[in-house]
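Chains here go by letter, A, B and C, matching the order in which they are written, and residues are numbered from 1 within each.
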Amino acid sequence: MNAPTCKDLLENMGYANKMKTIHVRTTTHAELLNVTNEVRTAVKEFGVSDGTITLFTPHTTCGLTINENADPDVVADFLRQLEVMIPWNQPFYRHAEGNSAAHIKASLMGFSLTIIVENGSLQLGTWQNIYLCEFDGPRTRSLFIR
Amino acid sequence: MNAPTCKDLLENMGYANKMKTIHVRTTTHAELLNVTNEVRTAVKEFGVSDGTITLFTPHTTCGLTINENADPDVVADFLRQLEVMIPWNQPFYRHAEGNSAAHIKASLMGFSLTIIVENGSLQLGTWQNIYLCEFDGPRTRSLFIR
Amino acid sequence: MNAPTCKDLLENMGYANKMKTIHVRTTTHAELLNVTNEVRTAVKEFGVSDGTITLFTPHTTCGLTINENADPDVVADFLRQLEVMIPWNQPFYRHAEGNSAAHIKASLMGFSLTIIVENGSLQLGTWQNIYLCEFDGPRTRSLFIR
């Protein structure tokens, strides 16, 4: 067997891939959409063995986070408390589109995630799932994976 | 043409660059300073073709985020609502410098961003711009890019 | 001296390492545990010269952030204000484990950090330290470093 080329090594580590774009459809005004399976599929397609994977969502009213999937009440409590913290209506909001709360919530979650891959497997904790956080839906949203 | 060397490949992907430091000046106590052009310039200088770019701000009272640039009211609403959530004065704050609110806001935004580059172009969404979030200005702030 | 191999170059940049797992013990219900020294040790062990290091915590009720270490009141004010924003008890919380507040705080901090390394040195600001944010302790927590 020949020694691995530089490109081989880089591909194994996930640094020689092209970006993959996934489109998802949210169905309500505010929701956490589980995209863990989509990310696992991309890791397999990329053939990443040991490295990191980068997720990025190119919007300003939705974000990305990780949280528990076992009990759906976690997500429900999460969205309700965010609504208490950042009310949809505030007397001082001036943004004409009326969705300033969604812009703020999205920045609080963030737009990118970096997750470690080891032996071809996404290194999430037992209870961790990856969520696209919709704060002004329903809409079609994009997720970039690299 | 010779096959690309390992260093060539790594440079194309943005993994063989040195860190670049940018200094910016904020002019008010709290503001979101648009640094998108500075980041685009760095991507060009680095010659990154397909990879990721890492931004990092080495402070504890300013952070980094992405949000909408089209309507300046988004940023104004954003800063006002953050002030409601994390008031500058709280009876229980003990930090002698008096800027605990700025420390908290900075952690909520985060100190690093990872953005994908594809065909030499920063993969931001149509409405996305990159902001340095000043919460205790005016000051001169640093932004590390790699 | 021979030209560096691809693997040499990748190792210098921190892209050819295996993930390291650190276990830490938190001692109270909510605390920011300083893990800066543990991360600096990993940078040395990895032999990263110029690149980035990725931190990730595989939990859903603790997160990662960066903040000031000089005055311990910063951390105390930080935790108290987060408790005001996201109270432990809310009449509408339904999650049976009763720790919804911890799940929300963890997502606000985030689960990963990307930090630049230059000349073998972690590029933190003068006042920046790295914290594991415990929101439902005391527990043993894991930190992945790559």
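One rule holds in what follows: a residue touches a chain if its C-beta (ideal position, glycine included) is under 8 Å from a C-beta of that chain, and two chains touch if they have at least 3 such contacts.
Everything numeric here is computed off the predicted structure, so don't read it as measured data.
J.: Hey, how would you classify the chain contact layout here, line, ring, star, complete or other?
T.: complete
J.: Could you report, rounded to a multiple of 5°, the rotation needed to superpose chain B's C-alpha atoms on chain C?
T.: Rotation angle between the two copies comes out at 120 degrees.
J.: Once you find the CA centre of chain A and the CA centre of chain C, what distance in Å lies between them?
T.: 19
J.: Which parts of chain A, given as residue numbers and ranges, touch two or more other chains?
T.: As it turns out, chain A has residues touching two or more other chains at 6, 10, 15, 85, 108, 110, 114.
J.: Would you tell me which residues of chain B are touching chain A in their complex?
T.: Chain B reaches chain A through residues 5-6, 9-10, 13, 15, 50-52, 65-68, 71, 73-74, 76-78, 80-82, 84-85, 108-110, 113-116, 118, 123-128.
J.: Within their complex, state which residues of chain A touch chain B.
T.: Those in contact with chain B are residues 6-7, 10, 15-16, 18-19, 54, 56-60, 85-86, 90, 92-97, 100-101, 103-104, 106-108, 110-112, 114, 142, 144, 146.
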